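One chain, chain A, appears in both complexes that follow, with chain B as partner in the first and chain C in the second.
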Partner chain A sequence: MSIGRGEPASGAGTSPAAGLARPILEVDNLTVTFGDGPGSVRAVDEVSLAVETGDIYAIVGESGCGKSTLAYALLDIIPPPGRVTSGEVRFKGRSLSQMSRGELNRVRAAEVAMVFQAAMNAFHPVITIGAHVDHTLQAHPEVFASRSEGREYFRYLLNLVRLRPERTWDAYESQLSGGMKQRVAIALALVLKPSVVVLDEPTTALDVLNQRLMIDILADLHRSLGVSIVFVTHDLALVAELAGRVAVMYAGRLVESGTVDEIFASGGRRHPYVTALTAAIPTVVGAVSDVRPIPGEVPNLAQLPPGCRFSPRCALAEPICQEQEPALLQDDRGHLVACHVANRLLGVPSK
Partner chain B sequence: MSRYIARRVVASLAIIYIVISLSFFIVRLMPGNAVSALESQLSVQGMTTQQIDAQVNAIYAVTPKAPLWRQYFTYIGHVLEGKLGRSIINQSETVLHIIANALPWTIFIVGTSLIISFVIGIAIGSALAALQHTRAAKAVSFVVSVLSSIPNYLVAIVLLYLLADIHPIFPTGAAYSVNVTVGFNIAFIGSVIVHGVLPIAAYVITSFGVWALGMKGSAVSVLGSEYVRAAESRGLSRRRLTQTYVGRNSMLPQVTTLALSVGFMFGGSIFIETYFSYPGIGYQLDQAINSRDYSVMMGCFILITVAVVVSNFLVDLLYPLVDPRIASPGGARSVADRRAEGTKAMPVGGSTA
Partner chain C sequence: MDNVTHRYSAAVARPVLDRVSLAIRASEVVSLVGESGCGKTTLGKLIAGLERPSSGRVRFGGRDIWSLRGKEAKAWRLSVQLVHQDPYASLNPGLTIGSTLGAGLVHNKLARHHDLQEHLVALMRQVGLDATPEFLRRYPHQLSGGQRQRVAIARAISVRPQLVVADEVTSMLDVSLRVSILDLLRSFSEERGVASLFISHDLGVVRYFSQGGRILIMFYGVVVEEGPTEEVIAHPRHPYTYLLLEAVPVPNPGLARQRAAARASEVLEGEPSGTGCVYSNRCPFAEAKCRDSRPEAVEVGVGHWVACYFPERVPAVGSVPPVGEGSGGPLDVRSHEGGAKLVGGSTGDVRAGGIASVDG
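The block that comes next holds the complex of A and B.
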């Protein structure tokens, strides 16, 4: 019934039914460290997860918990001074760290594409959108028979994200609104027909109407292109609406992962942080007084509390929580929780 | 676009006009002003009032007895015709002639220095940015900052002492040796080059660091920007990344600064030209200031102003071609904002160096 946190790659995202196919993207015990020596921080700390073909996978957490860093690691574009200090990311079973630069460049965008958190800043300000597309097509001549075929496909994608192709091609980023840039960034990420697209905070910078539009577009793209989607967010409403599987991060560590139903079902085995998170989101129908913000603040990654990182803010904290880092334990459905209390209440043995 | 150009033309002409007017009023209206000083000096020499007026007119291009407004318009008219008057110290020389003789030397010495320090600085700055997290780059950065903060007179003195005094390899001053005939011959050209080495070296040593640090700063900020990482995430080749995505944008502020420095170049470099007794505009300006030769000073200031304003205008004109945000309706930001964005856009060198 339980699996230790040493080898979750085989189990983390795999539901028993889908056990046959290999996950398309696996993060195995990954640690990403910024800097070295006493001032260094581990922005991603022994995180494991697995994305199946066709999944919509959400990575959730508060600001600064390492979501973007994890997303960068999926394409091996962690900005220096950050680097992978243990573990690895595998695409279709091949470790990114073992690929040559050329091989890696072929995987980037053509297999795993990324839409950046600040899509507003994701375009070179002095070249046109069309030039961005051409450069991308040029770097991956293997994808399309001809350049014009690639351009034609980009036009098709622009229609899918509800933009007018003829207006967009010759535009500079400064001529597009934030919402338009976000959608162009998505179309550009999809132009090489990747099998996975990683979106970092796809709705954060948008107003409510554009958020709605973005959700529709993403659901649409998933349906019509069959692309697997990994998205990073702190918006639980977006998760509930879009995602199939969820991983929740706290201060660099994975604290819970499972299906959307498992995460949102009240009464199930849940990490107290996730319970608090769901209580902290206002619902349209609920009264404002029902919203309970989480007391305290996110710990500084350079000065982590001993034991469980959430324990200083946790209503259920016990002495053991301040002493021992809880293990990420799995039940028979693959639902993982890292909490001494929750795991004990449900009778999951802690090792 | 044409409205943009028209606005720039009007603004440039207005600035030139204001500076010319200021130079008139400063000379004419300063307490104990230069014109009456000259008048009393000439009357001591026993000239008649008519002779004095004629002489003052020749030197300052103003007629002292006329009403002020008429003096002003006569002066403006003269300046527009290129009549800048005569030197007070050497009254047989016109200011225009002095400037015309000095300008080629200044353009040669400061222009060459500017190009060399720009090229070296950009190369070092790009390398420092590309290797920013290595120990070697940090060490080189430190050395470059130290070099660029050594006072320039110290560099000049050390160079003169080591390479002209102890080991007399290079001459201590002048633009060419008295033994050669001026003209297009090997001896003359060789002499000009030998005389140029020390001033150019001094200039380059003290100013390449400013370019290097400026380039490093803008390249590091471009390297850290989201769109470069985004381009990397699309698997673009290293060459495409460095040339189109990093290089072009980090060069923009440097090129702007270079264009402005070219404007200041016409003012010469007082530091280089006086330490190496090099007969350029900076040298003439320094002499004029020391001997209170107001008419030469005014001529130099007008030259510098016009050169700076014109080069500014050219930058404004060319910028929309390299940066679409300036010309496009969506990009309401002005060139000044773009400059401020990169690094400090202080012109390097010029008469202030």
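The block that comes next holds the complex of A and C.
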């Protein structure tokens, strides 16, 4: 049997213009709303992005900014009372909203797999890991010629996530550490050979050594399987270490997106929020005195400030920022920024 | 702490803390670092008197905390306050913020009913919260994570402690809030002479918090390195400290690529050793000597101690020249072989350019 997927892992940092094939996943002007009437909130507010085959794509933002909701929308599994109120998500050009139930189930199972936030808590305590795998294989007999071939592939995946197959297969979740469970969950999500895997906060509950291991493993999986990776995180350092392309969200809106080098380039055209977020990370390199907190907190989605949502915390804010919501403007390389001040550099008057 | 050993159960062979000694002076900022499960919270609980050590002594102001009685015991209990990782779990969901904070003040006679409101307002200001009656009437679920953590800190400092033990207090917070919470905790030591023990697995956060203070590195119940903060960060002398430093993700893609290319391989596999050096099963430099007898801490710089027979073998941080100048995308660099200077673990799957682990 052939192991891994045929597609080569394209350079994760390539510019969108270089991607000749159509994006594997597209989010087009998507709005997701919770509730009705005046009390309703838009957890995802007119967001567009495109994941190319072979990308490692990061969706980054702080707590409550709508990252998980956006990730759920990629599989059309938004928990009620949330619903898509405008726009759509397309997988290989097909709108999820136009798919039949059967087609959607097939996409969710074998094309776009999800590893949920705190996935390590998702295993049934009295079922072995092997039985979880068998259950999944049984539900999708079309993927492998035989059950044993599927099991063999899972063992291969366990090696990739650096676990010992012989010890993991018969283990119960209580016998594995948090970091190990997280890795089993990833292997399980990959067993049906999806073309995209979406991971919600893959490192959040892990200690630094397990975070480092997770970064190395995800890079390995990307390289060996050619699988496209979308991950959601609040940790910009993880983004810098792993992603090729990045979308930054703030209070439901996309505020910047581009390649990882564009997002982190100092001095370039950047959203002030992204600049502030980078400076707020205490780390082991550089001067401690350069670390700066961001004043204030993320706004409640039900009580958004007028104009730019970041303006009350922004060091560069001008009167216009409190009046008009800035448009998301693109430069000739596809780098998008939604900021009145930063976009002045483009020479494009914002309306 | 003098030579403290702690086990939760006599049935478990290796103690959770093994002959730990440490001293924290007034207004000092000390951090304790180590991986998940290495015994950090246990050490914090012992200092706060929530666990009694199996052997050794925990002293506060020179007195064994377990010998204190009556008034002295009461005073001590207020002097040492613990702040937890999860502010939601540590605040009573059925009590308003005002009641939570007020109860401690009144019970400990730090405020009376007629001036309670004044005290509460002052307290809220100190921790940077909205000092309004409306805010004090809120319940924990009506606050953001950062606000809850500030309330938990307010509760701890409201009883005027001399030492605050802060256990992973920022790990559940957004990155943008971390620094302000760290600044808040630091301000108590600077402005009021409150000492703090800060517990974390992240050397980046620890470095920021204990500026001008000390760091202790613990590997499964044994303090393997201790020293002034910048000294330990810039010149780690224990292989485990080096590993923890190299693991911290950096918010700079260019630097991340360079570090990835230069990073030595390491093994996460290997139980803490019951004999000799606790790190010997994982250590790339371990020799027979390390497996036979436990290395005593030696002073390698002023106030910089390390429990290792071969501290000179630890590479200088960032000294390994980057290999394979970046050609393709960020991930291509990571795959380059070579540059691994720490390779040599006897067990498991050792790869260049990252942490290898086969802990099934």
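The rule is simple: the second predicted complex is superposed on the first by the 327 of 351 C-alpha atoms of A that agree within 3 Å, B and C clash if a C-alpha of one lies under 4 Å from a C-alpha of the other, contacts with A are read in each partner's own complex, and residues count from 1 in each chain.
Keep this in mind: a residue touches a chain if its C-beta (ideal position, glycine included) is under 8 Å from a C-beta of that chain, and two chains touch if they have at least 3 such contacts.
On a predicted model such as this, the values are computed, not experimentally measured, just so you know.
Chain B and chain C, once both complexes are superposed via chain A, fit side by side. In the overlay built on the shared chain, the residue A:Phe116 is in contact with chain B alone; chain C does not reach it.
Judged by the touch definition given at the top, the superposed model places A:His124 against chain B, while chain C stays out of reach.
With both structures placed on the common chain, the touch criterion links A:Asp235 to chain C but leaves chain B unconnected. Of the two partner chains, chain B is the only one touched by A:Pro81; chain C is not. By the document's definition of touching, neither partner reaches A:Ser195: not chain B, not chain C.
Once the two complexes are overlaid on the shared chain, A:Met180 sits against chain C while remaining clear of chain B.
Note on chain A: of its two partners chain C and chain B, the one contacting more of its residues is C. Taking every C-alpha atom of chain B against every C-alpha atom of chain C, the smallest gap after superposition is 13 Å. Overlap of the chain B and chain C contact sets on chain A: empty, with no shared residue. Taken together, the chain A residues at the contact with chain C in this complex read 9-14, 56, 62-64, 158, 162-168, 171, 177-180, 206-213, 215-216, 219, 222-223, 234-241, 243-244, 260-261, 264, 276-278, 280-285, 288, 291-295, 297-298. Remark: chain B residues 133, 224-227, 229-237, 240, 244-245, 248-249, 252, 322-325, 328-331 touch chain A in the complex. Interface residues of chain A, counted against chain B in their complex, comprise 72, 75, 77, 79-81, 104-110, 113-114, 116-118, 121-127, 132, 135-136, 138-140, 172, 174-176, 185, 188-189.
Note for the complex: chain C touches chain A at residues 35-37, 144-147, 174-180, 182-183, 201-205, 207-209, 211, 233, 243-256, 260, 268, 318, 328-332, 334-335, 349, 353-360.
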